[in-house]
Amino acid sequence: MAQAFIELLREKLPDAVVSSHAEKGGDDVVTVKRERLVEAMAFLRNDPATDFKLLRQIAGVDLLTYQTESTGGASLAGREGPAYEPRKKSPVEPRFQVAYNLYSITKKKSLRVRVELRSEDLRVPTVTSLWRTADWWERYIFDMFGVQFEGHPNLQRLLMYPEFVGHPLRKDYPVRKRQPLVPELDFPDLVRGPGPGPGGAGVPMSQTHVGRQNVDPTTYD
Amino acid sequence: MSRLPILRPEGNVPESARLGGEENNVPVMLSRLEDSIGFFERNLSNALGWARKNSIFQYPFVTACCGMEYMSAMAGRYDIARFGAEFPRFTPRQADLLMIVGTINIKQSPVLKRVYDQMCEPKWVMAFGVCASSGGFYDNYATLQGADRVIPVDVYVPGCPPRPEQVLDGLKILQDKIQAQRHRAATVERSPEIAQRDQQRKSFLGKLLGK
Amino acid sequence: MTEPSSEPAAPEQDPLAVETELPSSLMTVNLGPSHPAMHGTVRLVVTLDGETIVEAVPEIGFLHRGFSKSSEQSTWHQVLPYTDRLNYVSPVLNNVGYIMGVEKLASVKPTERAEYLRVLAGEISRICDHLTCVGAIGLELGAFTVFLYAIEARELLWDRISELCGARVTVSWTRIGGVATDLPPGWEEKLRDCLPRVLELTDEIDALLTRNRIFVDRTRNIGVISAEEAVDWGFTGPCLRACGVNYDVRKAHPYSVYDRMDFEVPLGSRGDTYDRYILRLQEIRQSHRIVLQCLEQLPPGPIIIDDWRYALPPKKDVFTSIEGVMAHFKLIMEGMLIPKGEVYVYTEGANGELGFHIVSNGKGKPYAIQVRGPGLPILSALPRLIKGHAIADLIPIFDSINMIGGEVEQ
Amino acid sequence: MSAPAKMVKVAIDGVEVEADARDNLIEAARRIGTAIPYFCYHPRLSIAGQCRMCLVETSDAPGRLVPGCQVRVKEGLKVVTNSPAVKENQRGCMEFHLINHPVDCAICDQSGECKLQDYYMEYDHQPTRIRTYKLLKPKREVFGPLVVYDAERCIMCTRCVRFMDEVAREPQLAVVERGSHSLIATFPGQPLASKYSGNTVDICPVGALLNRDFRFQSRVWFVDQGPSICTGCSNGCNVYAESRGDRIYRLLPRRNEEVNQVWMCDDGRLAYHASDEKRALWARIGKGEASQSVGPRIALERAVQLLKPLSGRGATGSLGVSISAQCTNEEAAAAFLLGGQLGVARYFLGGNPPGDQDDFLIRGDKNPNTRGVQLAAQAFGVKLEEAAGLDEVKALIGFRTEGLPVEKLQRLELFVALAQNEDAATAESEVTLPLQSVYEQECSLVNWYGRLQRTWQAVPAQRGDSAPGWKWAAGILEGLGAPSGLKSAGDAFDAFAQRSVHLAGLTFAEIPDDGYTLEGELPSEWPARAPRPQPGSPSIRSPRPDLRLEEETSGGAR
């Protein structure tokens, strides 16, 4: 496992490492301070003892609803609630995580370096100077989560169009909130549900196959 | 069950779609004169339809997974060329049939619209696969819920992706549709001059036939 | 790997070129997203100096269809169809990659037969993927015959896949702890019958292209990238191995039953378009070896685990017992309750390392899931690969990296 | 609740927990997120120990399993909830509970929120070992107007029996027969007619008791839950509205200790029908045959056109504004703003007629916001009259039309209605502007004892042209050339709060999720069993807190 590399990192930059743990299934995760990210990454990449030459992916996680989300099961138990405290939970902070999945081809080891971000301050230094491939991954994270990568040469949306407002992979972005570029024909449709009209955006999954809202019932026989 | 009203702004409907429904509105009883005019026109129309349906030049607007099955439909085993759709033209100006092969997302939709607008009349559109027909199971912020929200579609081929046989079936259906529609030299909404000219011809033909 | 005998020389200055410097200005050409010369839906803004590409800026996202967001709305098994459509040329490999992540979270080990079946179908898919890529290179360099041969070989395999999985392309075949269907009767013989034909067609493609003067001239020393640079750009899979870096997840971290398979990892030396092409041909042959070994070693036994928390109960139990119907109901409506955790799972996809970064919050749906499509880093290096080449070379380079919109743009 | 809790330390699975000495093991374990499964236990009912699902090991009884619902915590107690013996008992319990359970999930309304399903997946997940036939019992026993019973699905937790005994205090249910044949029954000739019978459906952990109103209407995972306030009476019970599309499927009680605890009445459960049926959907002008739907913009223009000439005449008493007690605070505030602009001198209070009352949750005033409208009138310095005074006006603007006398409306020269439902009054209106129901908008209400509570947009789908009342009023005001600046419900509420002595310094965003009680409003008499805000609790807000603070600091010694 990659614990040895984390120890190396701790020795080299003792104040950069916030914490580290091993996930189930053997993923080693080290959380580093945002301010020391580039330094730590440079060490991990360039030091022959670590040699993480391959940046596989940068992933983002939005923890907004991590504790509070319910999938519908056991909702009855939830309704009763514990007798002594209100159920409402505070939002999770730090809300965002940016995870860098690294790999060392020579050492055959993986490591995940993680940065935690509070929702009011979404800035991370860029690592494009270390890995060329970080360019698009950081653009991807910026596009999907709105994390600002400071010093990135060309921080623009990667997948969405420039007119798009918001960051779709954030948990508070409604799944069906579409922002059309071309005026769409909004015709009543039994199967497909409403078009992009009022109420058509952000309707829950359960509604998609009902499709009768916003439609004058007299248009059907 | 009665038909659902499909509302389309009139300007967006191609000639083919506007004409398609007229066949049903032809009165059963025809006078001799009108019959004789209909005879020429119908035969001309049939001939044009036959010619058009058997030489469909397709423009494969390939975006996604359906492209794999499009390849299969085009290649040796299924060979879409057997049905006159011989060779894909990769430019819209040379194509009759726009095959929307795969998911159209919102970023892509202006491109699709422009490609469609660049095609010359008469033109037909086939929604190849579920995504192009209805958005499929990609019901989210990124995806257009069917290409027909942007451009009119003639034939919908279901399947995710459709098997090549289904594609061929869709092509045959389109051919039937092309054959059945009325082909004319002018559009239905004739300009006043053309309408006047037609009227003159009609009276001329009436004189010719001794009436 | 085999070297062609007609070794073309490195590009050298044409001695006849007297006047190389013509007064000219740069021209910007917009290729795509729907362009006659491109496949896929990438938009390339190319700046040209005459025929030479000075700069290229790719813009992607024309096939972005919200894989992550849709998956987060679906139960763990409902994500499978979305993974099919990532790399839609080799869906089984995506299925396997994703389901391995879920199994890692749930600490579930699939049955042995299922492991073999996954490798078997996965390698068939890999062959299909490489055939498509090779066929497309041929097609777009004018060798339509190659394309027809490749597609015919692919059809043969897809027939087997559809008999085994129930669909030609989008199979959604794996399940947590196993696979959906077992081999149908007589399938092995059918596969053994068609594999030689596939190899034969592959050989024909080999014969048509590998020593073809035109093809070699169009691909040799075109789109060269060095090993260090390739790693820096995040290359994996055939594109990385074409540069000579020996990194294949199947060998480096043998998952499933790859450690019991005897196969080689072909390596290139130059990292050019030709190497990427020839490497894929070699991999087809290696995958063929794996398929045969799987058939030989395939053990009997169940194809899915017997744990009703993760695997659907047999239909007989569902219809006749409350336990069965409850398990079925909860698994379908709420999904498997996968324990909390965060994994990055990586497998060897057809184009390189296919990674899934999955976060579970203990509920029936993935909390977050993001995919590392092998094509994305490779595509991001496209400007680097085509810089300095003629615009006509863009097409073979673009084909040889085998950009698949589904996995790149998610 | 009032006495300070005595805290003791116990160890649950090796984790030290500081628990209230009155907690049982289930509640103590819940504090650290450890789930001890249970069917029959309910925090608000007596302990029955029927289901045996919560058996755990404790240091007090080594080698034995004790019920976690019945055993109280005590200092130094060690509890084990995950030993093999406990797990085996849980598995065995589930197997026993399922022996005679019918294969009903596909047709059962409870599936999706059924404890049997949840616990089966968590604690059992084994195939059945039963090879015999299942016991047949009565299905579809209609217990009462709202409740239907299926004996085969019943696991005899007796929660419903205990609820009727202890909370509703109308013991209408009992256990009859013995052993596996036992079932729940009503007494001969006495249906389950209590006004609180719907709660038995909520607390039933399985699909034995079902709500006849909701039965077979929707699967529970297709409906979306949104927090709101019941509009059935002036108690203001906190509810969840469960909806799909624009239709509400059921109301469920939402926990609020000081209003409704976790209960609600049957009338309240059916209160959503008013917001589902006979809705005024489209903005229209004209009455009777001549009426036509013209869309919100033209309807607003028409309303402005009709009202503009009257704006000077308000003071003479010929133009009146009628405000129903069904209006939200925001609508009331907007109505008074509009009235002020038009110079209206006469305001009328409408609303639903009073009805039954009891000593628990049901209040006689069947309007959710009488107090709120009165407070708003006070804040804007106007007097609310009874509907009898309508004889003297010639034109009327009606904010919600409940209880407006039709014969008096027919006499009017002009009637502009903002209405949620089509009724006799909207038939008389020259301009009808459709309103959203409380469940569809963000708003605030004040209940009978002065508890200010807010709602959220529980049903997000847009329905026809409907809009919140303050939005229509803002539109009219803008047309009259006096833009009100009301952009959101918060603006409308703030316009009210700024003027009110009770709400001074409060903004919409500051209203807590479970509401404030405005102290000055607390009535002296109180129904016997109704939940009551605790004195000194932070959820009581006194008027002008700044003033009060001064008094306390200066005269603290007294």
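Letters A, B, C and D name the chains as they come in the text, with residue numbers starting at 1 for each one.
In the analysis below, a residue touches a chain if its C-beta (ideal position, glycine included) is under 8 Å from a C-beta of that chain, and two chains touch if they have at least 3 such contacts.
Keep in mind it's a predicted model, so treat the numbers as computed, not measured.
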{"item": "Chain pair showing more contacts of the two, A-B and B-C", "value": "B-C"}
{"item": "Chain closest to the middle [Cα centroid of all protein chains]", "value": "A"}
{"item": "Distance from chain B to chain A - Cα centre to Cα centre, in angstrom", "value": "44"}
{"item": "Cα-centroid distance, chain A relative to chain D, in whole angstrom", "value": "35"}
{"item": "Separation of chain A from chain C, taking each centre as the mean of its C-alpha atoms, in whole Å", "value": "25"}
{"item": "Numbers and ranges of chain A residues touching at least 2 other chains", "value": "72-73, 159-161, 168, 173, 175, 205"}
{"item": "Where chain D touches two or more other chains, by residue", "value": "112, 117-118, 221"}
{"item": "Multi-partner residues of chain B (each touching 2 or more other chains)", "value": "107, 139-142"}
{"item": "Contact footprint of chain B on chain A as seen in their complex", "value": "159-161, 168, 173-182, 184-193, 195, 205, 208, 219-221"}
{"item": "In the complex with chain A, residue positions of chain B that touch it", "value": "1-2, 4-9, 12, 106-107, 109-110, 113, 134-135, 139-142, 144-146, 148-150"}
{"item": "Of all residues in chain C, those that touch chain A in their complex", "value": "60-61, 64, 66, 68-70, 73, 104-105, 107, 229, 231-234, 236, 245, 247, 252-253, 330, 333-335, 339, 341-346, 353, 355, 357, 359, 361, 363-365, 367-368, 370, 372, 376-377, 380-381, 384, 409-410"}
{"item": "Residue ranges of chain B touching chain C (in the complex, touch as defined)", "value": "61-65, 67-69, 71-72, 75-77, 90-91, 102-103, 105, 107-108, 111, 115, 131, 137-143, 160-161, 163"}
{"item": "Touching residues on chain D, where the partner in the complex is chain C", "value": "98, 101-106, 111-112, 116-118, 120-122, 124-128, 130, 221"}
